[in-house]
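Structure first, commentary second.
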Amino acid sequence: MEPIIRVKKLSLHRGENFSLSIEDLNLYPQQIYALTGANGAGKSTLLKTLALLITPDQGTVSIAAAMGGDLVQLRQQVTLVEQSPYLLNGSVSDNLAFGLKLRGIRGKEQQQRITSTLEMVGLAGLEQRKAKHLSGGEVQRVALARALVLQPQVLLLDEPTANIDSKSLQAFEALLSRLPDYGVTVVLSTHDLTQPARLGAQLIRIENGRLLDNLQRLTKHRNCKPTEKKQWLKPLRVQGL
Amino acid sequence: MEPIIRVKKLSLHRGENFSLSIEDLNLYPQQIYALTGANGAGKSTLLKTLALLITPDQGTVSIAAAMGGDLVQLRQQVTLVEQSPYLLNGSVSDNLAFGLKLRGIRGKEQQQRITSTLEMVGLAGLEQRKAKHLSGGEVQRVALARALVLQPQVLLLDEPTANIDSKSLQAFEALLSRLPDYGVTVVLSTHDLTQPARLGAQLIRIENGRLLDNLQRLTKHRNCKPTEKKQWLKPLRVQGL
Amino acid sequence: RLATTTSTENSGLLAELLPPFEQANNCQVDVIAVGTGKAIKLGETGDVDVVMVHARSKEDKFVAQGYGVDRRDVMYNDFVLLGPAGDPAGINGLSDVAAAMGKIAATEATFVSRGDDSGTHSREKQLWKAAGVTPDGDWYLEAGRGMGEVIVMAGERRGYTLSDRGTYLAFKSKTDLQIVGEGDQRLFNPYGVIIVNPQKHPHVKVALAKKFLDYLTSKQAQTLITGYRRGGEQLFYVK
Amino acid sequence: MGYLSESFLHALELVFAFDREVQSAVWTSLYTSSGAIILSAVIGIPAGVLLGLSRFRGRRLLVTLLNTLMALPTVVVGLVLFGIFSRQGPLGSLGLLFTPLAMVAGQMVLATPIVANYVLAAVKGADERIIDTAMTLGATRFQAGVQLVKEIRFGVMAAVIAGFGRVIGEVGVAMMLGGNIRGSTRTMTTAIALETSKGEFAFGLALGIVLLSVALFVNLFLNLLQQR
Amino acid sequence: MGYLSESFLHALELVFAFDREVQSAVWTSLYTSSGAIILSAVIGIPAGVLLGLSRFRGRRLLVTLLNTLMALPTVVVGLVLFGIFSRQGPLGSLGLLFTPLAMVAGQMVLATPIVANYVLAAVKGADERIIDTAMTLGATRFQAGVQLVKEIRFGVMAAVIAGFGRVIGEVGVAMMLGGNIRGSTRTMTTAIALETSKGEFAFGLALGIVLLSVALFVNLFLNLLQQR
């Protein structure tokens, strides 16, 4: 099987004190990868690089050719939810609409996707709330919804459950663990060492900007049947949320 | 024993959709209180109110008279670490120095306190790093250090361990659970339901802006010997960090 | 387009003088009121069709250098020497204006000069020369401003200044300065009109400009000029 | 001093009498300034955003040069454009001198650095995550820039208001390039300058009050626009 | 058009010849503008911060009025202050008219709304957590405001630069309140206006180039200050 993201000889400096350097890292489609490591190990930096938001000093991050040619097309298929997400001015629904508009999805379909995605993250009915007036956990949910609604091929999540309340956590994990069945590859970072197992995720351990394991070898796949992509919103809705 | 913070008939509206209303809540000195509840339940709002940053629509938040008269004197004794903390422009050490300067602590003593507090939160040697260039967990550590260095009587912590890595978590909890021995009252919010027990904290459950238990009755105290306040930095240093 | 000095425009004369011409020729005269030096410059660059100023030497140079043709005298007005109420230099009543200027210099009474190479400034310099004085020192303020402003300044500073009569009348109510010298031959001030040379600037509407000059020197215009009153006083005279 | 109070009465009179000349000057001021500020916004906003976001050698110097352009005296702008628009100048054949169009050009030169600087400052003060957020959601660099402008719209509106204030209140360019021709290029400010030079202080001040009222209405309108 | 290139040579000559009159005008421009901008900063920065932070009825209207003040034509400011400083005016006895002090006062009136508006926009764009952060760390409201200014110092510096540009490049107030007296109140801008009115376009433009160079040096200096 072809990897969906391939990192080669990557090297990247941030300030004087930190450098990320990855010899070789292949991420395969429809997998969940869990990035763990101490504070400042480089998890967020790696995720931003995978999201094509940081250009490495050396080396390459290549994305499967099937996903389109130019940088913008690729970014439309690889969506990052940042650790401390920025919500755009306006309502919750404006935030979800932003990416949809860029993809030409308007009117009724836009409306429907927004409503069902907000339901999915437990924020049904909050469409018209001002984004700047949300609680910490609500912000994180909106940011997640804003990415999910775009149905990207690769979803990069930076500590997505850090501010999620304990009751919803299970539902969230159920949601995430089922994404590969709908064709999505998930890379998330977490400090909860029990979470990767619950998600059926492969561990990527990072320390001081370097990978601890040789991940080129570790390629055992989860088995999942690719499904019609357009339909993934419906069956994904999680009751418990 | 006299409560250190007393909330009476508090009522407070935020936007059109949320109101916090608390009939009666007494917090006693040298205790640890853990605030839990779903996203949007009102934890952060309550903590901000206790920090005297939000003036309630009705009712009062009164702080033990011993801590000084005017609002500024009180705020100097009740310090909040926000859920998503803002670090001031400048270096890490500038951030810690800010509150010390306001209290007239300068020169050598300032220096020493900053160094030992940074050591305490596992950031030894990061004094000169630019605050805007830190990772998520590092930001949270700096914010905590910025409050700890002031040695306030009441420490309000909004999800202080949400972005802390798993290795440091234990050391952090050890640090927090020993604060009452040094005269500090701690109120923290958390989504980790196993954390309160580890900290020996009393639970304050909140739902939809209302307390679930009558906390005026629950006044069983931890026993701790008040110590010379000025010395609390030294013995607190946690090796594991 | 007519470039003229601010004093002509500000005196209000043009508002009387132009409408009959505009009606007769079904045209509109755009008046651009600027300092003498700039008015001539606008002529040199060809941005106006006719120049009307009062600085004989500059006018002659303008024509000599081929920028203008057909210079004609239109009218003249006169300058007056203004001074503060107390008349500290004691020159009131002197009929010899050069002597009066000499006295101002001798007593070091404040004098505010236009200092801007305007027609008035040129005349002032001639008068100093006639008086045999090189003005210099704290008492001699070179303001570099328009006539009205200089009158106001002289009033504020309780000093002397040289002004054309029209501007003085316009500013009479804004200042306590009084006329302390007038009537000397050397205070007369002729205005000339010049057509911008169409050979240098082909777009100049020379036919219309010629008509305009003819009009200005016609009986009709000349009566309007002599008949123009400001505050009950005649400002402009014709030869 | 007497003219201070006198002029207020005068201003009221002027406004209610709908004096034709005053009306024409108000109108000329309004449409030249509006034209100029629209052009300035079209140039200045993207320039400010670009300069705020990009990192290249010499960027700091460019910013300093832009800052310096805010010190451009109106007379200098007037002189330079005069040289360009005058009959002997490169654009002389267009016959633009002493027309409203020349004034618009001059005012645009004055306002553009102001708008660009304001926007630049707003961009520098903006949240650093905005561009990354827009891009990871699928925006092109250009679309991300547009979204940034929306996020800092208070600052952008302030830029436009500052630029508008600058041009509607300035006299040098209007005077030198417009020529203060009655009924065609006479603006509020050149009319004020004229009245002042005539010694009609009260009337000049009254016109000033009318001008400020006009500016106030424009600002109220922009404010409403922003509130939407 | 010829005068455009001519003036550059002229400007160079002026700078290297250290012409005494030019020097004096440069110096007068510099110290009056600096004085004015310092006063404007002292008033305008706190005003902008206060207006940006407080919430009271009529705040919006006050902001709009402040915006409108940016449209104050220099002639109007000149006229009003002239009325106040003139011998018959309330402050006439101080004899300030036609002194550098009067110019400083007028330029301050012009620059203060600009500084306040810029700072206001910067405050509105600032992170909302700054004030709360400072206060929970023990700051008084005043100290929190000071910290806010430090956090948005790029915007504040932009405000000062914009205000400085406005006053060093303006001519109306300098002319009306200073009087353009050679050797005492003649600034770069009034000198330019004078030369232009004489028809000495090239010399005027040359002075303009000198003025812009001076402004550039000031901005470079402010830039260095900010970088520290």
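Residue numbering begins at 1 within each chain, and the chains themselves are lettered A, B, C, D and E in the order written.
One rule holds in what follows: a contact is a pair of C-beta atoms (placed from the backbone, for glycine too) under 8 Å apart; a residue touches a chain by one contact, two chains touch by 3 or more.
Please read all numbers here as calculations on a predicted model, not as lab measurements.
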Required minimum of steps from chain A to chain E, each step between chains that touch: 2
Inter-centroid spacing, chain E versus chain C (mean Cα positions, whole Å): 35
Averaged-CA centre spacing for the pair chain D and chain A, given as whole angstrom: 46
Per-residue multi-chain contacts in chain E, two or more chains: 86, 127, 176, 196, 201
Multi-chain contact residues (two or more partners), chain C: 146, 149
Sites on chain A at which at least two other chains make contact: 84
Set of all touching chain pairs, with the criterion as stated earlier: A-B, A-D, B-E, C-D, C-E, D-E
Chain B residues within the chain E interface of the complex: 48, 51, 53, 72, 75-76, 78-80, 82, 84-86, 88-89, 98-99, 102-103, 146-147, 150
Touch list for chain C against partner chain E, complex: 34-35, 37-41, 115-118, 141-146, 149, 153, 156-157
Touching residues on chain C, where the partner in the complex is chain D: 1, 6, 9-10, 30-33, 45-47, 146, 148-149, 152, 170-171, 173-174, 201, 203
In the complex with chain B, residue positions of chain A that touch it: 14-15, 17, 36-41, 43-44, 83-84, 122, 129-130, 133-138, 141, 158-159, 162-169, 191-193
Footprint of chain D on chain E - complex, ascending: 1-4, 60, 63-65, 67-76, 78-80, 82-84, 86, 88-90, 92, 114, 117-118, 120-122, 124-127, 152, 154-155, 158-159, 161-162, 164-166, 168-172, 176, 188-189, 192-193, 196, 201, 204-205, 208, 211-212, 215-216, 219-220, 223
